[in-house]
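We just call them A, B, C, D and E in the order they show up, numbering each chain from 1.
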Amino acid sequence: MDALHTFHSTRPLWALLVSLLAIPLIVATGERHRNLRETWTILAAVAKTVLVWSMLPWVLQGRVPEISLWRITPSVELALRVDTLGLVFAIVASTLWLLTSLYSIGYVRGAGEHKQTRYFASFAMCLHATIGIAFAANLVTFLIFFEMLSIATYPLVIHKETPVALAAGRKYLSFVLPAGLMLLLAVVLTASIHPGGLDFQAGGFLSGDDASRVLLRWIFLFFILGVGVKAAIMPLQSWLPAAMAAPTPVSALLHAVAVVKAGVFGVLRVTGYVYGPHLLKDIGVWTALAWFAGVTLTVASLLALRQDNLKRRLAYSTVGHLSYIVLGAAILTPYGLIGSVLHLMFHATMKITLFFCAGAIYVRTHKEQISDMVGIGRQMPITMGAFAVGSLGLAGIPGINGFFSKWNLALGTAQGGQWIFLGLLVLSGVLNAAYFFPIVQQAFFRRNPEFSSYGEASMWMVVPLALTALMSLVLGLAPNLAAHAWDLARAVSAAVMGGAG
Amino acid sequence: MSVKWTSRLWAGAGTALATLVSAVGVAAAAGHEMAQAHGDLSAIHGAATQSPDAFQIPAMVLAPLLIGVVLVPALGRLRRSLAYQVTVVVFVAYLAVALKALTTVLAHGTLHYKMAGWMPPVGIEWTLDALSAFVVLVLAVVAVMVAIYSGVAVRRQNPEREVPFFSMMVVMMLGLTGMVMTGDLFNLYVFFEVSSLSAYALMAVGDRKAPVSSFRYLLQGTIGASSYLMGVGYLYVLTGSLNMADVASLLPHLLGNPALTVALVLMVAGLGLKMALFPMHLWLPDAYTYASSTSTAIIAPVMTKVSAYVLIRMIYFVFDSNWVLSDLHLGFVVTWLAMAGVIWGSVMAIAQRDVKRMLAYSSIAQVGYIGVGIGTGNPWALVGAILHIMNHATMKSSLFMVTGIVEMQTGTRRLQNWNGLGRKMPWTFLAFTLAALAMVGVPPTNGFFSKWYLALGLAGAKQWVLLVLLVLSSLLTAGYFFRLLERIYARTGEDVGSGSARVGEAGDGGVREDGGANADGVKLAGASGSGIAGARDPGLALLLPPLLLGVGTLVLGLVNAWFVTEVIAKALPAALRIPGLGG
Amino acid sequence: MDGFEVFFVEKWPYLATVLMILIGLYGMVLKRNLVKKLIGMNIFQGAIILFFIIHGWKRGATVPVYDEAFGDLPANYVNPIPHGLMLTAIVVSVATTGVALALLSLIYKRFGTLEEDELLRELRAEPAGAPSSGEMASQREDVEGAEPDDGGQR
Amino acid sequence: MSGHFSAVFFVLALLAAIVALKVKDLLAAAVVLSLFSFLVALLYVSLGAVDVGFNESVLGAGVTGILFVIAIFNTRRRSRD
Amino acid sequence: MIRPKETIITDHVVRVMVPFIQIFAFYVIFHGHYSPGGGFQGGALLAGSVLLQRVVLGAERSQIGFPTRLGIPFGALGILIYAGVGFLAMLDGGNYLQYDHLPFGMTPVYLRNTGILLVEIGVAFAVTGTLVSIYDDLVNFERRDDQAEMHSAGSREDA
């Protein structure tokens, strides 16, 4: 790995702002010119994706674009820096936003959703915040965008404005706001013990000399409580299934990609860039985190088995898979981290495929229960085909990208000698298969006379879901294609673990 | 006809207050006259050191207001609408001078102004340092905004009181500015009363119950002010001086004296009462709720804040903060009382069904934050407290103004009638939402940063419990604001009854509100008659001030570091300077 | 009498003020009638003014007006500064009283009583957040005059 | 003038204050309050504060008294306590 | 109720006393700066004389002495004088209320004298205007009540 060298560039800023700038346009256009309004969204998404991808070559060369805006507190600047990990997250978020935008158009029109302007505007805001999280160069900037994301998601969760949705919204807030406060607490405490600045640093910027171990442990707890809610670590997960009351594209992007991934991204940042493996081992909190993650991924898979509502089952599956990533970050081995970063990307493509499929089914048939979906595969072959790809991938079948990340995770546990976690990983993989395969199986191999009049959903929806499924497949075969996922993950791991020696 | 008497009452009271203002000068003079008789003039009357250019600034800050006190009632008598116009002009001039004052102070350092040219220990001194210039600027901004807003609001709600209302407003700002700028303990008391008296009068206008709450406030406020005066008396007995700087320089020799403790406690108690520190907040909810929306919009953001400012002055500039906070354990008392206020105010706010009352209780909570910052004695906490003076002023005035707008447009301020208003009045509620988010402390609004510095201070002072409470208290704030925001945006006005039946009103603790009864046959005097169904955004004059302040919460949040490094860091007392920050 | 005078000089200010303040506070807090509360307030303020004046006083000194017999020595005059201050304080207290009395008249006109407990009853009788009618009330009373039933209640 | 007078005035003033608070007839209370003010004014004079005494007698005893009386006429004369 | 009770004695006493009180008031004002007294007391005395008329002669007849509508302007005038003196001194390069910088072309000692005197007059006017208008406001209550609610007035009197 070359020595990182940072340079000033406005490109991260533009990548950040482009969706924010789209919001006034979206709002001003309003309901009167739907096509124009959607054009803004698509344009912003394309621009954002292009901008983010354009930074990939730099990062692969070890050059880090950076921009400092102004001082947000006397000692900390509002600054953006596109390091490897941030870029990974940004690539996932922006690319999938583009696809989701296309899909959304089909979905909201197909399902006749109301207040579409607010919907698209909030969506753009969420993406703004997500990219902000990805590019944040220090804890304060991170915190600001993290909170912004929490708030911007709220209108999407309650979008349907039904009592259920409102209740879900309340639940969401009652988890996310305390979490934000915990994060604030953690950051404030960090600032008070480490006044020199809060810039993220591969390998961690805190050291054991900054404060007593007890305090460091407390701060770590607050950090994990703060980001862990979004990452849906087990006792804090229950908002996620509830938030499935939101429209499917929201669930797809936000609750499979942006919001929850912001949570696990936060975990990675905290473990790798604030504390660093060395200090974590020193204060010994990593085992606790790993155990939480391990329990979560097992229990969530068990819970997923019991869900009949498709989106809820997907939600629990998400909970489980997020913990894979957390586990990878927690066990503090190079391969674990590689697996973690890879799973951050790969899980996104697979899970978004599944959500897209669920949405397509809902729009076409208004069915949400798995038991009602018997035989649907024959009516919607592309959709269910994509679903099959996604679920196979999540179960870790070789040939699809999920296998690749899981393999690395498993290697990581082995590397650290954590055989119990390896066992849990395997068990969870089996459970994954157990709750996904029946869906696929009954969709394709059982008949249902009721299903005769349905066909595929509109092209707006089918194309994106096919694309994401294809992506999963391709990445499974050639993980280093296009996004250089493998290289990036290795770079992250090397940077973080390198510091620890 | 009663219209006539109230307006005259107002004007009468206004003049009374103005008299007090004049008294300021004479009270000082009274002392000098005697000295003059002794012929030792030269000893007292030194040559005022006149740095050219800047030295008149402190007087210039008060000048527009003093002129306004005369002009507003006088011209208002000619034509009623002139009162409004003159007020706005006066306040804009005030704002301009305040800006100039701040820049001057930042460039040249503290300005001392010897009124009537007498040297400080005897004469009255006006001090304009970074802290007072900062607070004056906050006052000026709020004054301008509320004045613009009040033009239409007062005309619609109680047109016959236009002239007295604006006279009072100017007098109140005069009093508050005087409190902020004066360097003399007794002078401060006089301005204290000037602002309070006009506030009593302003608060008496409003609901049927307004005079009762105003009277209660008057009694309690008088106890507070008298307690402060008593404290000043003790200090005077001990030091023989009333000049703050002078007293401060004399006090170190007296630290063991129990009378000094008594003086301090009396002053803190008096000021605490005026700033609604926890057990002494009883006057606030009623007073804010029943006063007219314009009165509340001008009083709520500034009144308690200026008292808090004075508390800062006393503890950190007159007394030795270390002695006060640690040796006397007053810091402990103040912080915990303030924190109790935060919790209590927030909890009570959640229980309210009247939006204005909810905001009133949240004011108690927010003042509590300032109190926590003052009592902690950590530089960062103090930064947070000072910053929160500005931040809370912007948020609260915006919120109260929006409440007033809704009251005018729909005739209601009951929580449940706000359902779905967000769509009907998008711009109004944009302001409200921004300010509400700032109250909750969502970054990057300014509310977040006051909390940030407070938390930093508490962490620095190792007050872990307080730190956790501080952070958790924003949850309570979030509780009542998001409940309201949910109503505003996510529910429709039509399902008032059915909605509560269906959801069981989870947000309102399952209590079914007597909603049907309140479809409010009653409308406000100023209501445009369209009711809830036809509510829409008001005109620009009403809309712009809250909107600007709402957006201001965002902007102030983003540029808070500038304020902290350039202004507040310079405003900190010498003992608490943060190394590497400011001057 | 000398002992008495010494006591008088040294402790008198505190004793006197505290006594009078207590009486004033008693009136403000425990009396149920609002006028009585106001009277208490006046006494309270008077006590504080007295405190200042007493402290300005020196034994054997004279009125702070230049007098040939006493010459230039400031020690021979009562400290004039508290006097100047208290002039202002008295005006303040009168202004406060004026405003308070105006409020009282207004309260009486609206509620027909100045007894605190009756007022509280009246206030509670109104539905909690009820017609939040802001300015409404004050205008309505122009039509209604005082409360219709206030004559009967007495 | 010395302490003797002051003490007498003070005691009388205290008595007046108590009476003003005890009397049930508000008008009487107002008058006694004026008396209180006047006694306090005398006290001030005896303490050397001539101008304050002067002011107090005019404002405290005179104007305040008048204002009270007017207000009591406007409202109700009898108090419960 | 303050109703004019037309008794000759009070009437005449007031007529005789008021001019004296007012003269005394002016004396107090003008000599305030070197003897006990000053703007406050003088103003209060002036106000007292007006109030005496109001109380004894009744609101209508006392209008001749000092019309109600003059109260506020009178007070405003007082402030104007006070503030004006202050700012005049500033115009001439002094501080606010620094009397020896008043542009009157006198020696500093006289200037100070004049300045203080002017301020005292201003204060006196302000105090007078204020107190009288507070009184008038309170009385207006009662007059209004008389007209609007005779019925309750009756019950009030026997209370």
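Going forward, a residue touches a chain if its C-beta (ideal position, glycine included) is under 8 Å from a C-beta of that chain, and two chains touch if they have at least 3 such contacts.
From a predicted model like this one, the values you see are computed outputs, not experimental measurements.
Under the contact definition stated at the top, the chains bordering both subunit B and subunit C are E.
The greatest centre-to-centre gap from subunit C, using C-alpha centroids, is found for A. Across the structure, the highest number of inter-chain C-beta contacts is found for B-C.
Ranked by how far their CA centres sit from the centre of subunit D, the chains are topped by A. For the pair subunit A and subunit C, the distance between C-alpha centroids works out to 66 Å.
Centres computed as Cα averages put subunit A at a distance of 77 Å from subunit E.
The distance from the centre of subunit C to the centre of subunit D, each centre being the mean of the chain's C-alpha atoms, comes to 11 Å.
In subunit E, 34, 36, 38, 40-41, 127, 130-131, 134, 137-138, 141, 145, 148, 156, 159 are the positions where the chain touches two or more neighbouring chains simultaneously. Listed for subunit C are residues 38, 63-66, 82-83, 87-88, 90-91, 94-95, 98, 101-102, 104-105, 109, 154, each touching two or more other chains. Counting only residues that touch two or more partner chains, subunit B has 1-2, 9, 12-13, 16, 19, 23, 26, 29-30, 33, 37. Here the chains touching each other pair up as A-B, B-C, B-E, C-D, C-E, D-E. If you check the complex, the residues on subunit B that touch subunit E are 1-2, 4-5, 8-9, 11-16, 18-19, 21-23, 25-26, 29-30, 33, 36-37, 48, 55-56, 59, 62-63, 66-67, 69-70, 73-74, 77, 113-117. Residue ranges on subunit E touching subunit B, taken from their complex, read 33-34, 38-40, 71-73, 75-76, 78-80, 82-83, 86-87, 90, 94-101, 112, 116, 119-120, 122-123, 126-127, 129-131, 133-134, 136-137, 140-141, 144, 148. Against subunit C, in their complex, subunit E makes its touches with residues 34-36, 38, 40-41, 127, 130-131, 134, 137-138, 141, 145, 148-149, 151-152, 154-156, 159.
If you check the complex, the residues on subunit B that touch subunit C are 1-3, 6, 9, 12-13, 16-17, 19-20, 23-24, 26-31, 33-35, 37-40, 122, 157-158, 186, 189-190, 193, 197, 200-201, 204-212, 214-215, 218-219, 222-223, 226, 229-230, 233, 236-237, 242, 292-293, 352-354, 356-357, 407, 411-414, 514, 517-518, 520, 522-526.
Of all residues in subunit D, only 2-3, 6-7, 10, 13-14, 17-18, 20-21, 26, 29-30, 33, 36-37, 40, 43-44, 47-52, 55-56, 59-60, 63-64, 67-68, 70-72, 74-76, 79-81 touch subunit C in the complex they form.
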